[in-house]
Amino acid sequence: MPRPFLFPTRITPPVLPIIQGIVQVLFDGIAFGMLLFVMSVGLSITLGMMHFANLAHGVFAMLGGYVTVVLMHKAGVPFLETLPAAFVIVAIVSVPLERFVYRRMYSAKELDQVLLTVGIIYMAIAAAAYVWGPEPMAFALPDYLTRYRDIGSFSFSTYGALLLAIGTVITLVIFYGLERTRFGAMIRAAVDDRRVALGVGINVNRVFTITFAVGSGLAGLGGALGINALGLDPSFPIEYLVFFLIVVSIGGGGTVKGALAAALLLGLCDTAGKYYVPQTGAFIIYVVMLLVMLWRPNGLFGRP
Amino acid sequence: MTTEAQTTKAIADFRAQVRWQWYEPLFWLGAIAWYFLFPTYLPLGTQILCAALFALSLDLILGYGGIVSLGHTTFFGIGAYTAGLLAKHGWGEPITCLLAGGALAAIAGWICSFVIVRVQGVALLLVTLGINLVLYEAANKAYTITGGADGLQGIEFWKLFGVFDYDIYGRVSFVYTLAVVFVLFLVARRIVHSPFGLALKGMRENWKRMPALGAALRRHGALIFVLSAAIAGLSGALLAESVQFVALDSLGVQRSVDVLTMLIVGGTGVLYGSFVGATVYMVVRDQLADLNPAYWYFWIGLILVVIVLFTRNGLVGALSDATDWLKRRRGGGTAS
Amino acid sequence: MTAIALATHGLNKSFGALKVTQDVRFKLPVGARHALIGPNGAGKTTFINLLTGMLPPDAGTIELDGTEITALPPHERVKRGLARTYQINTLFPDLTPLEAVTLVACERHGVSRQWFPSLASRRVLIEEAYALLAQLGIGDQARRPTRHLAYGHQRVLEIALALATHPHVLLLDEPAAGVPAQESGILYEVISGLPKEIAVLFIEHDMDLVFRFASYITVLASGRVLREGPPAEIAEDPEVRAVYLGTAVHG
């Protein structure tokens, strides 16, 4: 189950406790939501495009985390500079997996997709435990990310601010890419209707491989960014599977807007729950998810 | 061939499905033989039987009805906790505790069925998983009742029929469990060879067509879901009675995935798949107990991937393909 | 005037901004052999989906034998005698045709949720299922898994499943779709051999088949009824010709 989530926001006295709480929950919740968005947006798009239920998406996030830790510990690379590496390496690793394993399963039954990807999760967990040991990875953020920045009478953690900044940039890039570029148009066409996209001469397989690689890379980036908040050990893909699934299912497969809204909603609910009613644990987000699924089985932004 | 002869043949086909095959008595004799051959492994045998029954309950909805659940342990856990809580609070009569576990699980299944029959695909996975997670968190937090993460401890069941005490070798437990599992197997066998069983296969093969043929899909789905939940609850109660303990992980997502794995390894939509899968899974895990669980899951993962990519339907499917192939070879290619 | 088996009044359906069914008023008399034609995207399959309840209409009503069925779920409409087939085979790959038709017979007799006695003892239902398959000429295919059947036989099974519900209104969505031209005639012989009490509405692109088997034709274009009338009239209609010649018609 998720560990407590901490970007302590320090607040200097004259502010009322209620406002203090709201500001902290908003800041932490949105920062966490952005992190979730970066990690799961790839899953949402691939699900929308290929109707492939890739439960093993968290494996990519975990791999990104390990890339960052190894680079920092073994090669002394600074944290921020490991992030692009986490993105690129995970993206590259994902290509053969998509090309040789997943592609055979796109027209398979959901159950087979679930079983295949659960199998991959199990293998990845064991492999990670074998290579890096079963214990959580020791990890320390660089000093400048553990500090606080004062704004008025509030003071925010720079780590939270980094998540917000990177999340915002990636969101803007994705929206621009999807709406304004030729490749984005191809992706949208493929999500809308694969057969039609094929009919108008789009190489859907190639579009999908690239999309899959970028989505996996983003998961890796998110995994690397999130080590401080989520921790990193071999059980990561299972531990956070529910979070990915919630984002995708509440948002509705295939919509970036939906994934963003769902990630922010989940981040805020989870943070607010932990802040105001810590004794309920993960109960709140599960109930919220169930209610949304009952109300809109295809997600808030999904097409029926 | 005349119409009359064809019809007779057709009816014979249906008969043949119901008739006991040669391997079926062998299978159950083997289960009895376990009692005499492996007296030190009776507790393992009991656990295999409970797991197989649980897998069988999943097979009814998944292998026959085509309803995929990622949270079937919801009902296993409800059955286990019901029996355990009754015993803990002063009523330890095994048969009634067992029935209560099944009944409560059936009621829970009935409530869930209203939702289950309204969703398909990924949403169905999420809803079944979500219900399971909510219940797990509830049991985890309500530790005054359930013992939380420590599990439900200090429960004791009375003598079976007021005569047979649960012995430390697990003899009584094994025989009792085997008897209950056999009876429930007969029930499941009856279901799948009935008109309802045929309707379930129709749902699995093509749920979209069913309403266009006059089938009330939701009512079919609700009925099999309740039956399946009841059997899952009974298997949970059986396990609670044999180990005199209810662990929190009897509601854990891991167990839902484990039982799915057993069923897939064995084969879906063939009743014995549950038994084959549960036996292989539990025996291998027992033998590899010293191994770090993380490594054991590597092999499970690999098996899942191989089964999905390369076999038609688990071990039972592979076995029947192999026998078909042998038959064809022997028959010189004339058999169909 | 003959009795009306199936009728719609002001039926409307849109997907977003796309109006796929616009104010369709339609009558199918008892025992009719009625063709529904129109270019691709005219809304023919949508119309069948609306009639059978697979899609809810935005506005308008549907009547079966003078009773309104607009709000009934699909399986209730089947029970009242409205059945359909699909353009793309929608069968049960691992069941034999006999099992599939028996399944339908169980549904019709209301025994599909019973688990006692066993299937094998439902002799009457099995005989009835076999008789239907034999009557349609696929009796010798009855005991093989559907997925092993030849495509043409699967198309016949598609119709057999619908007939097993004992409909008096049968909607056929391109029954001969994908069947080679020389065999599609055979399929239509099966259809024209159906009992006269059954009203049949079929979607068909092959005009030869339409003019051979239909006694009445409705032309749909852009979700509207463009024309309706006996074949001779439709064949002469300049507007229908324009619609067909102006767009790509697939054979």
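By letter and in written order, the chains are A, B and C; residue numbering begins at 1 in each of them.
In this text, a contact is a pair of C-beta atoms (placed from the backbone, for glycine too) under 8 Å apart; a residue touches a chain by one contact, two chains touch by 3 or more.
Model, not experiment: these values are computed from the prediction.
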Count the smallest number of chain-to-chain hops linking chain A with chain C, moving only between touching chains. 2
Name the most central chain, where centre means the mean of Cα atoms. B
Rounded to the nearest Å, the gap between Cα centres of chain A and chain C is 47
With centres defined as the mean C-alpha position, give me the chain A-chain B separation in Å. 34
When the C-alpha atoms of chain B and chain C are each averaged to a single point, how far apart are the two points in Å? 40
Name the residues of chain C that each touch 2 or more other chains. none
Where chain B touches two or more other chains, by residue: none
Of all residues in chain B, those that touch chain C in their complex: 1, 3, 6-7, 9-11, 13-15, 17-18, 190-191, 193-199, 201-202, 205-206, 208-217, 219-220, 223, 336
Could you pull out which chain B residues touch chain A in their complex? 62, 68, 70, 115, 118-119, 121-123, 125-127, 129-131, 133-134, 137-138, 140-141, 257, 260-261, 264, 292, 294-298, 300-305, 307-309
What residues of chain C sit close enough to touch chain B in their complex? 52, 54, 73-75, 78-79, 83-84, 86, 90-96, 98-100, 102-104, 106-108, 111-120, 122-123, 126-127, 129-131, 134, 139-140, 142-144, 161-162, 164-165
Which stretch or stretches of chain A touch chain B in the complex? 47, 53, 101, 104-105, 108, 110-112, 114-116, 118-127, 129-130, 134, 234, 242, 245-246, 248-249, 253, 279-283, 286-287, 289-290, 293-294, 297-298
